[in-house]
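Chain IDs A, B, C and D follow the sequence of writing; residue 1 opens each chain.
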Amino acid sequence: MSSLDDIKLTNAQIAWRAAQDIEDGAYVNLGIGFPEMVAQYTVEGRTPIFHTENGVLGFGPAPAPGDEDWDLINAGKKAITLKPGAAFFHHADSFAMVRGGHLDVAILGAFQVAQNGDLANWSTGKGAIPAVGGAMDLVQSAKRVAVVTDHVTKTGEPKLVDSCTMPLTGVQCVTRVYTSLAVVDIAEGHFVLREKLPAISFDELQDLTGAELKTEGPVADLTVPET
Amino acid sequence: MSSLDDIKLTNAQIAWRAAQDIEDGAYVNLGIGFPEMVAQYTVEGRTPIFHTENGVLGFGPAPAPGDEDWDLINAGKKAITLKPGAAFFHHADSFAMVRGGHLDVAILGAFQVAQNGDLANWSTGKGAIPAVGGAMDLVQSAKRVAVVTDHVTKTGEPKLVDSCTMPLTGVQCVTRVYTSLAVVDIAEGHFVLREKLPAISFDELQDLTGAELKTEGPVADLTVPET
Amino acid sequence: MDKTIATPAAAVADIPDGAVVMIGGFGGSGAPIELIHALIDRAPKNLTVINNNAGNGHVGIAAMIEQGLVAKMICSFPRSSDPVAFTEAYKAGRIELEVVPQGTLAERIRAAGAGIPAFYTATSYGTDLAEGKPVEEFDGKHYVRERWLRADVALIKAHHGDPMGNLTYRMAGRNFNPVMAMAADRTIAQVSRIVAPGDIDPEHIVSPGIFVDAVVEVPNPVQEEILIREGATYP
Amino acid sequence: MDKTIATPAAAVADIPDGAVVMIGGFGGSGAPIELIHALIDRAPKNLTVINNNAGNGHVGIAAMIEQGLVAKMICSFPRSSDPVAFTEAYKAGRIELEVVPQGTLAERIRAAGAGIPAFYTATSYGTDLAEGKPVEEFDGKHYVRERWLRADVALIKAHHGDPMGNLTYRMAGRNFNPVMAMAADRTIAQVSRIVAPGDIDPEHIVSPGIFVDAVVEVPNPVQEEILIREGATYP
């Protein structure tokens, strides 16, 4: 194996891969920061509808600098634009959409994902000021909850783990993880490897993963465009 | 005492008396039928705002025959009109107004009112098909729940009773009863007589009432205009 | 994305026997008569119907009952100016009735749409309609626990709609329609006019398209109240 | 009936020490900055403030904290681009924090407005934020019981308003404002323009006047985000 840093996907490439699984017409919520990048790689010909917790459905990319209207922002407090057919609503209605299971996909970042689907992404538990936002609502209720993340932490520790050691955001909620090295599903309490980078072997990937990687049939090559 | 039928107030006169207690700017829900008449006797210079369960605040009287729009009706399914500043909303929001305690006054009819404020007005309990509508919501949550009613049933039985024998609409909810003979408050589990027709004596009124009529200070004459 | 469907018949074609069907409207106001009549043409059986009322005259829900589609009604007020269809079926034991206070009915439906499996309300405390339900005291007042009310299908009537499913309503015709749209696995809306996405001001959309699965244009919908006054019968 | 009040100062004049105050807005969008600054001028103490966030920079809620008005924050996300005001107060033990998941926060507020003392949600089940809360299983899934969240006063920002208290909002500035309007004993709205009753189409009213006690016109409200980018400080 080359150095991990040489082969691993960029965040943009992980976002690209996650975008391939978003179906036409899907209602999608993207977490603040890295997950927001998924919208940039929407597959040609598909028109997912993006939801933001603060009461907008059907928003588009950021306006040109100088064109911002600060009453029109997303959950990350960044200025957005509207697509035709967009709608405004209040916060209780917005989370009725979330909690009521009306979102098809939520994509979030993660500190840790456990093999049973538990997610830790809101608090390091280390005395930082806790701040949860809408993550706990999203992970318990969207029809499909996916994570985009580096495969390991900056210090090389696995982020896909046997069980989370950090405070949980939700239990048994994640069903797919798009990492910098692989695409891993969570099924019946186990990680199931679906795709991996050709440049890394199964054993090398297993070493970087905190719980057993099962397989069901062949593991596809994870191939993404340069971005 | 003359015959009860000779002295007792008409429904219109009971409605007039109830209207005198509705303050300027009050949010008011009037039950279907007889209670609806209260709106006709709004005191000059006051502008109560009328709420109907099916999602209108600020409606006015019926339109001229032929001018009905059957999308614009009240809870009694009668055509209404709008006053300036009226608003439409859905049923859950409408009952958020009710259940959340935002209504100042609800005025309903009654089969029986007990001295502790229990109300029976939705089912005779005699095998008729039960139909409750919004009454149970209104009586538990409006800031003030009043009843307009004949003092006795058609067969002369008291409607103000010791305890209700008919199925309850709500418990300890009514605070004032406007009858065809008197105005009776309910306070600390007792009927308190506030006003009575001059033509009936206290003892005669007590005989027509199914529980003790207490008094606190003088009992005023119940006087209403001809209608 | 295009949620439009050409005809009421096509819109209701997949509703199976035994389905739980929410039907919007309060009396005739906001009642999706054309969808209901299309459903009668299809004639699924053993439906549970959720509406504020239980039909009037011999059209709409009353006609569904007369045609034998309805096994159970969940409603707050099964009376009307001409309640004969429900009354006869009920007295003959052909139809089951669950009476729910109107606000509790609206909130149970909204709760289903909002992912709230149960909530507490003061409504019905101490009455026959609270029998068998858990009671809890909060801050010295008693409340009854109520469960959400979900449906397989909601048939609703809106005013304008776009292909993304965004809807507006017309006056008091709004009533139960927006909350039912939230609470069903499949929500079918008839609208008086289909407009292009963006033609409805985003500030004025009452039901965002996420709650709506199918939109069918019925340009001049009949008003149930008019039909009843004419003594109409369906079919 | 005329609910208009001439100035923000007059509108907030009666808010006492120790009040529980809901403040609308999500970040700067829909934040009633002029009402907040009028409250800072009055300087009540020991307030509990309910907002999605905990202030940003040195204006608005952040300035309330810096001026020592706030004893407790109830919010979902006490971080921002410049969270120094809250962070310093929190680390110094001068302010208490209750973190509530954003959807649960919105629903607890809506529940208060709708007379629902408690409800169940899957949100936070199995997490630290569910500690000490009753858990119940419905249909095989676990839910946490949450209580309503009421306030003495709500300060909200709307777009147009009329003397009866009917309100519209502007884009994503809607956010928590309409639900907070429902949940406070006294709701004070600043609006960009006061119009005559009837000037807002009854179909387009978002907050009916029954939820609103006072309306004060602030014709060209400042946008918190602009103030923060300018490095503004209040007072």
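We take it that a residue touches a chain if its C-beta (ideal position, glycine included) is under 8 Å from a C-beta of that chain, and two chains touch if they have at least 3 such contacts.
Keep in mind that what you see is a predicted model, and the values were worked out from it rather than measured.
Among the remaining chains, those touching subunit A and also subunit B are C, D. In terms of their C-alpha centroids, the spacing between subunit C and subunit D amounts to 34 Å.
Subunit A and subunit C have Cα centroids separated by 37 Å.
With centres taken as mean Cα positions, subunit C sits 30 Å from subunit B. Each of the following residues of subunit C touches two or more other chains: 107, 110, 114-116, 121-122, 169-171, 202-203. Counting only residues that touch two or more partner chains, subunit B has 88-89, 92, 95, 98-99, 141.
Taken chain by chain, the contacts fit none of the simple shapes, being neither an open path, a ring, a star, nor a full set of pairwise contacts. Chain pairs that touch one another, listed by label: A-C, A-D, B-C, B-D, C-D.
Across the complex, subunit A is touched by residues 26-30, 52, 76-81, 83, 86-87, 90, 97, 99-104, 106-107, 109-110, 121-129, 169-179, 206, 223-226 of subunit D. For subunit D in complex with subunit C, the residues that touch the partner chain are 107, 111, 114-122, 136, 138-139, 141, 143, 147, 168-171, 202-204. Put simply, subunit A touches subunit D in their complex at residues 52-56, 69-73, 75, 77, 88-92, 94-95, 98-99, 118, 123, 129-137, 140-141, 167-171.
If you check the complex, the residues on subunit B that touch subunit D are 24-25, 27, 47, 49, 51, 57-58, 82-89, 92-93, 95-103, 141. Residues 1, 110, 112-116, 162-164, 166, 182, 196-198, 202-203, 205, 208-211 of subunit D are the ones that touch subunit B when the two sit in their complex.
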